[in-house]
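One chain, chain A, links the two complexes that follow: it is found with chain B in the first and with chain C in the second.
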Partner chain A sequence: MMRGVMASEWLKIRRKGIWLLIALGPLGVVGLQALNFFLRYDYLTKRYADDLWGAVIGNVHQLSVPTLLMGIAIVASMIAGIEHQTNAWKQTLALPVSKWCVFACKFTLLCTLLVCACTLLAAGTVVLGIALGYGTDIPLVTLLVKSYLPFLAAMPFAALQTWLSITIKNQAIPLTTGVLFSVLCLFGTAVGDWVPLKWLYLENQWNEPFYSAGPGLLLGLVIYVIGLIHFIRKDVS
Partner chain B sequence: MWRFFRSELLKLRKSPIWLLVFVSPALSTIFGLGMRIAPEMEEMAWGMTYTMMAAPHGLLFLPLLTGVLSAFVCRYEHVGGGWKQMLALPVSRGTVYVVKFVWVIGLLLLTQCLLLAGLLAVGTVKGYSAAVPWDILVSSLVGGWVACMPLAALQLAVSVAWSSFAAPMAVSAIFTLPNILLVNSEKYGPWYPWAQPMIAMLSGAQQAEPGVLGVPPETLFIVILGSFIAFFLSGFVYFQRKMI
Partner chain C sequence: MSEAVIETNQLTKKLGNKMAVDRLDLRIGQGEIYGFLGPNGAGKTTTIRMLLGLIRPTRGTVRIFGRDLQKDRLSVLRRVGSLVEYPSYYGHLTAYENLEAVRCILDVPRSRIDEVLSVVRLTKEAKRPVKGFSLGMKQRLGIATALLGSPELLILDEPTNGLDPSGILEMRELIKSMPKQLGMTVLVSSHLLSEVEQMATQVGIIAQGKLIFQDSIEALRQHSGSRIRISVDQGEAAWKMLLASGIQAEWELTDANRLLLPHESDEQLARLVKLLVHNDISVYRVEEEKRSLEDMFLELTGGGDSL
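So, the complex of A and B:
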């Protein structure tokens, strides 16, 4: 059942510009950091002389956090908006598939797209670092950690945005919460370790990125299950 | 035109749009309340609180909110197939477009007023002894509002063109997120239309300590007016010719 629904979901997002956004997000972040590094090449190269690759990866990561949050909100809204726009929720749910399956597939779709974006981000970072002439001594572990763990830490937001986008017809509301999160995350490093927005920066008092990603995954699962139950019991209008 | 303006009000009256207008001022007010000001800085308390509140508001919130509001005023037409119905009424397309634009900037003005109200509330709660610097506050808030107009013009054009709500927001986000890097750049920031709300809102308040931004007002004027004319005209002409 899941496979059929998933295939239909992939079909629905064709020619909607979603892939364009998934590519544009990471490439935009890398492009902006490229501008930043090339324009201030001498200054930044001197300032970060002892860890050039770390600086590139770190700077890309910093900028990718608000972009990730905004991207999650927009893509989640696009995925759910297909049914809202054409008033097709009844139609979709009248098919011989269970409601949880539809919800799960939308969420899986969002996650898959996000993983693609993370991969592009990692690849773009490597290209940027090499283009800057920082050598090929790439710290692979740091690169993978900073590219993929924010995605796990962002699970609560992905689950929340999917839930809001699917259950609220007026897409202005989920998009505004997305805006709210991306503004708030700029202050993310200044708050306590228990605030989910800080997890995205992978910073905590133990200096262990997995301690940020783990709770993110867990809280994401909790919100996902709550959203799923709410969606299953909700009437479709 | 006035009647048409009122018919838009009817559409928006019972919608959550009023909630959206409150979000940013409310958040900024919480920031303002949470901020601590040393006793020796009491003289500058208003300016400092304002800067603290206006920075997140102008950097991302205001440009992104412009996108949400523009998409919102087109939502009823897109969802219910209302464009046909509306344009069948004895109103010109030009009027429709201008009225929608006026609504967007009207709601933005309301947001700015609410921000001011929030600031005054913070000041009253904390009992600032200094006089309220009305001229700086009003000129900064109005400046931020004016700087949003080109953005609103572009967003309205995109919102009219695409029926999806998220697509115009994507455009808004694509252009607004670079702000995070660009406002730090004295060389490039002033030329970027999306950075203008932030620059306009903060440069006035920082005149007390000059040289922080050091941007000649002429540059801002050219960028804001130039991009406004370009965006508004292209959207206007596009809507005139669009097949509904």
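So, the complex of A and C:
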């Protein structure tokens, strides 16, 4: 059943411009950092002389956090909006398919698209570093950690946005919360370690990125289950 | 009546303080076209949503194909096709892709898409985005989607809403052909008596959430008390003649040459016309005078506050 619903979900996002968005996010982040590094090349190269690749990866990561939150909100809203637009929920859910499966597939689709965006971000970072002439001695572990772990840390937001977008017809509401989160996360590093927004920066007192990603994954799972149960119990309008 | 395909027991849905559906006992037999009739807001769509498991009943049960819907929802829905209210479609996709999106879930062969497209005559438009379709075409695509899984039960909620006369006619012919050609049972809701009358074999009438009538279309005709109006050249002579053969005709107030007769069977009516003609009375018109749905509702619900 899951395979069929998933195939249907992939088909539904055709010609919706979602792929363009998925590409635009990471490319925008890398592009802005390219501007930053090329404009202040001498200054930054001198300042980060010890760890040039670390500087590129770190700067890209800082900028990718608000972009990731905004991207989650927009893509989750687009995926759910396909059903809201002509109230196709009643058609989809009157098919021999369980409600949890529909919800799970929407969430899986969002996550898969985000992983693609993370991969593009990693690839873009490598291209940028090489273009800046920082050599090919790329710190792969750091690159992978900073490209993919924020995605795991962002799970609570992905689950929340999926839940809101699916259960609220008015998409202005989930989009507003998305904007709110991406603005608030700019102050993310200044708050306590327990605040989910800080997790995306992978910074904590232990200096261990997995201590940020782990709770993110866990809280994401909790919110996902709550959203799922709510969706299953809710009447279809 | 044949074996029940849909059977509800005391089906109730409370929305806020209002009883949207109140202790409904529907019974729809195999191979029937069941016309589910009621004014707007009577609870038709709420009932249909409960039949499809889209909303949970406050009380009562739904049995489809003899199985409890709440327990066996998936296996029941595999045998049901539906079109609820306005058609649902993905405007950015073509008609073919819309059907493919549903086909993936139903897991039926791809060839079914072409088959259902030809049933609703949309084969030529299959590659066009649905957002450019007319309402009639969208509605037909909705029917195609409902037919995709070769259902044994088709549930159509107001399928002719918003269609032009030719669209309505087409939809009606399509619905009428289903039980004959494909052995389906059809539940079709409408707020128009005339609409239901032309295709249904069984009728259920709902008003204010309550089922106030459920029987065959023939029984409804009897109940609705439609009358026959005959226009002749000699009203008085015709009246006497009918009276002599035991039929109490009434004069129409505005025209003495028009007589009103109680509802008669086709054979009886043919006999009466023959009688008049044989006695040199010219028969100009024989018409059925139907009372409006509103009148009937008032009578069935027994009060003026029913609408």
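Throughout what follows, the second predicted complex is superposed on the first by the 237 of 237 C-alpha atoms of A that agree within 3 Å, B and C clash if a C-alpha of one lies under 4 Å from a C-alpha of the other, contacts with A are read in each partner's own complex, and residues count from 1 in each chain.
We take it that contacts are C-beta pairs under 8 Å (C-beta built on N, C-alpha and C of every residue); 3 or more make two chains touch, one makes a residue touch a chain.
Computed from a predicted model, the values in this text were never measured in an experiment.
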Greater chain A contact set [chain C / chain B]: B
Contacts of A:T136 with chain B and chain C, given as first, second, both or neither: neither
Partner chain(s) touched by A:D235 [first = chain B, second = chain C, both, neither]: second
First (chain B), second (chain C), both or neither touched by A:N207: neither
Touching partner for A:R14 - first (chain B), second (chain C), both, neither: second
Touching partner for A:V5 - first (chain B), second (chain C), both, neither: second
Partner chain in contact with A:Q85 - chain B first, chain C second, else both or neither: both
Common interface residues of chain A - those touching chain B in one complex and chain C in the other: 16, 85
Residue numbers on chain A that touch chain B, as the complex places them: 16-17, 21, 24, 28, 32-33, 35-36, 39, 63, 66-67, 70-71, 73-75, 77-78, 81, 85, 170-173, 175-176, 179-180, 182-184, 186-187
Residues of chain A defined as touching chain C within the complex: 1, 4-5, 7-8, 11-12, 14-16, 82, 85-98, 235-236
Complex interface listing, chain B residues touching chain A: 15-17, 19-20, 23-24, 27, 56, 59-61, 64-65, 68, 71-72, 75, 78-79, 163-167, 169-170, 173-174, 177-178, 180-181, 185
Of all residues in chain C, those that touch chain A in their complex: 49, 52-56, 73-75, 77-78, 80, 82, 84-93, 97, 100-102, 104-107, 145, 149
